[in-house]
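First chain A sits with chain B, and in the next complex the same chain sits with chain C.
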Partner chain A sequence: MKRLLLLLLTPLISFAYIHNAEREICTQLLSAIFQNKKVIKVYSTCPEISQNNTTDSKIILVDTPKKADLIITNKYIDIQSNKPIFVRKYYLLKKYKKRAIGGFYWQKGRPNIIFEGKNLKKFNIILPDNFQRFIEYAPEE
Partner chain B sequence: MKKILFTLFLFFRISSLSAEDFDINTLLQDYKKESSLAKQTKKDTSGLLYLYTREMLEKMQARTLKDILKTLPGFNLYRVGNMLTITPSGNMPFFATSIRIFVNDHDMTSSFRGSSYLLWSDVDLDYIDHIEVYKGTSSIAFGSESAPIVIKLYTKNANREIGSKARLLFDTRGSLHTSLYNAQRISNDFAYFAYGHIDNINNKKYYKYANNQSYQYSSDKKTYNFYANFIYKKTTLELGAIKSKEDAFVGYGIQATPEVAYVNKEQLYFHLTQKLAQDFRVQLSLDHITHTLNTIDKSGVFIVDAPPTTIFNPKNDDDVYSITVDKTLKSQKNRLTVGAFYKYKEFEFTKYNHALVANALYYSSIYAEDVYLLTENIKFVGSLRYNNLQYKKEIQKEKQFFYKTGVNYKDRSWDIQLLYTHSYLTVPFIDYYNPFRASNVAKDLHTPTADIYLTSVKYHFINKDDLSLSIGKRNIKDPIIYNPQLGGFLNLNGYTGRYTFAELTYLHHFNQKNKFDITFYDTYNYTEKLFSPKWGINTRVFNSYKKFDIYNELIYKSSYKDVVTQSHLKASYDWTAAVKYHVTKDFSLGLKGENILNKGLKQAYKNTPSSYPLIEQKFWLNMEYLF
Partner chain C sequence: MISQYSTKIYTLLLIVIVTVFVYMYFLVADIQQNLSKNMDNIILNTAKELAQNITTNLKADLHGRAIVSTFYKDEAFQKDISRDLSLLATSSFRYVYILYKDKRGTYRYLADGSHDEKGTLGQPLNVDKSRWDKVYQTKKGYVLHQQQLQSLWTTYLHPILCNNKVVAILAIDFSFEVPQHITKALTPLNRSFLFIFGAISILILLLAIEFYTNYKTRLRSFTDSLTGLYNRHYLRIFLEKNRIDTYQILILDIDYFKKVNDTYGHKAGDLILTGIATILKTSTRQEDIIFRYGGEEFLLFIKVQDNISLAQVVAQRIKNNVEQKEFLYENQNIKVTVSIGINEYPKKFKTITDAIKYADKMLYIAKREGRNCIRTEQKIYKDNQKLSTENIKEALEQNRVICYYQAIFNAQTREIEKYEALVRIIKEDGTVISPCFFLEQIFGTTLYTELTHIVITTVFKQIEKKGIKININLNFSDILDNKVYETIITTLENNKKYASLLTIELLEYELPENINRVKEKIEHICSYGTTIALDDFGSGYANYEIFKYLPITILKIDGSLIKDIADSEISLKIVKSIIVLAKELNIEMVAEFVHSKEVLDVVTTLDIEYIQGFYLAEPTQSIKPITKRNNIEN
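Moving on, here comes the complex of A and B:
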């Protein structure tokens, strides 16, 4: 009976997950950026990233950029910290071009993921193999 | 052994989830689907909803609104004069004010004509994200004037479109359809979306030979369309301009022998939406609309109270100014929307004999709608609207009181909706100031009332398939008809026009990207008279395979004897197919065939040698590039 219940529940688990794809993407991105960290401290301005809705217990939200390993932002703010930034809007890649390691945003009518190769190197971040295809190098100015 | 098999099964089940479902590309596709704008805008309790998501429109390679209208179950495309519209299956064409077309929250209706068919029934869709068509609604939820049929076109969202897109289509008759848009976010507070479109559409020409002369029936058209929205903090400004020249096909002459037949149409509009506090909005809008008909037919255009005229070139100039305020109050059990609008609508109409008529309408309305959650599964909806219509001259003022009540039951398997609406079909100025009369205003006309009953039952199977049955009835009291012998537009006082429809739909999902639906519908208008096919079957198949998107649609409509011309029209089969190949993520090539079998729906006209297709047999080459 338990087995039957487990069998029945398996599609339900996947169903529940499907309705939280954005959250799951954010969790996977953080895990990819900090592969070896046991605890990832995040400062976020995005309502979709909060302590209540992260699926990964190793992600901890902090209240100031200085305490964070990564800053996730969906708007341009004056950040008094030299921590890497991950953006949720395309135009912010240019605004934070020296510190933005990547972004997950809408562009051309679809959601996109991108990592800035130069800034990844600058912060000594190495992505796992399945994320390598998202790395781009901005042209020299 | 059983344990091993079970463990293996569980392993493959879970590993298949990990390998496939948790892949980042799959996640991105899921995210795109679950954050569809259609999910944010659709109003489940507002009537029977036909939803065309962006994904569907893209697979269909939809070019204009006509591509959507022809797939609506229970409706037929119908040409009235030079206007392409939809008509309820079997029944006489809709009363002009029965259908309203909106672009976002902007009502496109002409104040003189009471409809927006003339410009908007064939509008290009490259700037449209998704389309909602509501049947049996009183449109209170949409905050504007009431109509039983509401077509909502939602534009693409600047925040999501960042970048540009160009689209170019050619067809086998040398038509061109091209569009370009650009969207940018400039700062935290400012974003814009700007769109331009040009088309030059050639259709098959038909001929009538009479009086040793050949007369051409053409429906060619040229359109220029511009739309832009600017979003600054909580303010959205929308600007639109559309200009079109379209041939008027058989024209308006008694013998359908046009020498000149075309119409120039233009609409400029502005719409400002200001969110002042949470769920409190103020909207200001204005429209300027011009229609000029140019026809010459030596057989003459029939004029009710004067001899026929060979030159028939009426022109209307409309202006509409409106202000709307609404607020939504939410509690655990209730969602109450209250609102009001004030509209000033004026027109100048130059008749064929150069007589100038003008009038204006001061239109005010207050409305409220409450959705009450009785339990987690049951919700009640109730709406009230009070309209006050005051005319500048000649026409008596009018008060209208609308109400709607409904109940909705929804759980994992069932979605049941019962709705009753009492509404009015406001008389448009064109009925008072009949273009086919030399003089006089039809002061005696009064507004028909409409009572609409709607039942819809949908069953969701565990594999995500849907089976739904919808039945509706509409009673129109004192309907307005057009009878030239009796002087033009008049109310059939004491008569109730009744109409019933039923639709049965089965939707099957092969998987997330492949689905198929079939709808059977039938209608009954309580008379022996048919104006268009009364029943039909619509089938659509949406497929994706690797880099290909494939769409097939087959629309069957029954044979009928047209009461206007007494012609027997055969059953029609309209097959549309579209294949799109995504060369890269940003570039695609497509092929589309419309009315491929050339057996699509036809319409008969008086004194013409034949009946003519409403959708031409055509093949399009489609190129889309994102940059």
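Moving on, here comes the complex of A and C:
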């Protein structure tokens, strides 16, 4: 009975849980990327990151990539800006190889965070110590 | 018998049914859990076997090459292995993939057979490193129950060994589909239980409603609809279930209730009954039980606590509260009073019926003594002379009933004119007992009728023998009592010749409600020549209206007025006014209770025809023939 109820409720709870967790993780990541910025201007194509649901007041969504400090995207689009990109799919790291500073995505039910060490350097971004373990360099065998 | 236990049987059956179903429910839940565990084991064993086979094949395909570099360098090999793995990815095994741990401790894909969220070669995967590392350390398979991952149930980690060293891990993620299948399979059973529990709940609800309805009906059958008090039906049950010696009994009657009904109507009567019921409730305690015993009669059981007798206190409180209460009906204030009879010692009676009867008798006394009062048996218990019904019965059977005769004198001539017969019982030890010690006990019984018959017969014998006028005492209720009345008529019929020498003194307490019936009977008695006197006039209810209805020829002025006539001016004035009335109505008078020379002197100055009292002559068993010598001086 309990299990049946749990199974019925799981999709709903999962959806809400994941959605909230994603937003929270994204907020934390932005704060880690721009540690010294009082206002972080973000251009986002992701529905989970919008003006209505950002929990951090220092994050401001802007309507063009040019005005943004960071571009967050979950799909491949032609971005006319040289601003750093943060992706929501792993394959986009490859697509924006030169400008993607990292990504946050779900893989096999697990949340994954990756930062591209080379691009972080390029944009002079220094992550706090607790994020150092997510920095990727060329895969080692 | 069956209906008596039906509720208990149904309740027991219901408990058994509910218990069985609850047990079955938990049994099924247990089965479900075991089934789930077994399925888990089956799938896990399958996964282990598959992982072992894959590892064996992989090793064979590697031909001794280093696994990680081979995957990176040989793209075709990597694709083949991924394709092989994809064959295992089913609805049960959601993800099947091989990860290796790089020098920095990051787990990365070597191959992925998953159909969705497929990882690419070298792509890192965020895993629970501490647990995955265990596989590297122990070189044994590890079952990881996922608790933090939402869509996964269990993960099986299988080490891929090379030279007894873990070089990679084959991971198989189980989806939720397996437990879902089990749950789905058991859903109909669970649903059945839901329906059964629902049905049982409805059944319990219906039973509760039924029980409540029965309770209400039962309560209604035990209570009086007007007053909300218990009725006689419940009295029987109450008496069966309670020890009566823990209670004292009060019987209460609303005085002149019939008059209220006749004057103001039955609605007003109902209002008063309800009001009295409220007073009774507020004047008693929770543990006291109140019944509406009759029309305007209430029976109260006052609980005795710590051997403290409360009956009189409660009775007095009720009486006072009723006296103070004004019942407002159609802008008219109606005031009533109550008479209360108390039985303080019910345990002294053989049966509860006797105890109630005794309280009823006390009530009768209270009513007869003027109403709006309380009477208790205490006085009677203190008085050892009171005869029991048995004693009186024996006295009647053994002819120990006699008459004493007190002379009544002519006030002017001071000669005996007639006698008043006064009934006495001779106890076995020879003691002479006055009527106040035995009449109350037998009032309304056949013994009373028998006693009346004996008195009248004895008096007629004396009349026949002595040729004198004799008075006897009767109540209005005696005239109304058909048996007593028949006895009177029969005796008069048998003694027609002397009937005119008999005078019946009616005790003047109150005007009977059915005065016309009394009138009819009195007139019939008078038709034999018997005369009617009104006794004790001037005290209690001095109702002048009585002269309108009854052929009263003699008026006996009450002793309480005569006894202090020498000292009390008001008594003298009252007596004088009675005399004026009597003269106006042409009725002769007798002054009773002449107990001293002073009283005699005053009485003889008044225009009263006859005098009677201990100063003149005490009651005696024998009658002296009336001669000129039988005067006061003698």
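FYI, the second predicted complex is superposed on the first by the 116 of 141 C-alpha atoms of A that agree within 3 Å, B and C clash if a C-alpha of one lies under 4 Å from a C-alpha of the other, contacts with A are read in each partner's own complex, and residues count from 1 in each chain.
Operating definition for what follows: a contact is a pair of C-beta atoms (placed from the backbone, for glycine too) under 8 Å apart; a residue touches a chain by one contact, two chains touch by 3 or more.
Bear in mind the structure is a predicted one, so any value in this text is a computation, not a measurement.
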(request) Check the residue A:F131 against both partner chains and state whether it touches chain B (first), chain C (second), both, or neither. (result) first
(request) Check whether A:T45 is in contact with chain B, with chain C, with both or with neither, and answer first, second, both or neither. (result) neither
(request) Would you check which partner chain A:R110 touches, where first means chain B only, second means chain C only, and both and neither mean what they say? (result) both
(request) Report for A:K75: first if it touches chain B alone, second if chain C alone, otherwise both or neither. (result) first
(request) Using the touch criterion from the header, give the chain among chain B and chain C with more contacted residues in chain A. (result) B
(request) Tell me which partner A:K89 touches in the superposition: chain B (first), chain C (second), both or neither. (result) first
(request) Mind working out whether A:S31 is in touch with chain B, chain C, both or neither, as first, second, both or neither? (result) neither
(message) From the superposed pair, tell me which chain A residues show up as contacts to chain B and also as contacts to chain C.
(response) 3, 7, 10, 14, 17-18, 90, 106-111, 113
(request) In the complex, go through chain C and note every residue touching chain A. (result) 29, 32, 68-69, 72, 95, 97, 102-104, 108, 114, 117, 119-120, 122-127, 146, 149-152, 173, 176, 179-180, 183, 187, 190
(request) State the interface residues of chain A toward chain C in the complex, per the touch definition above. (result) 1, 3-4, 7, 10, 14, 17-18, 90, 106-114, 136, 139-141
(request) Under the touch definition given earlier, write down the residues of chain B that touch chain A in their complex. (result) 6, 9-10, 13-14, 17, 21-22, 24, 27-28, 30-32, 34-35, 54, 156, 159-163, 165, 184-188, 586, 626
(request) Using the touch definition up top, name the residues of chain A that touch chain B in the complex. (result) 3, 6-7, 10, 13-14, 17-19, 21-22, 24-25, 28, 75-76, 89-91, 105-111, 113, 130-131
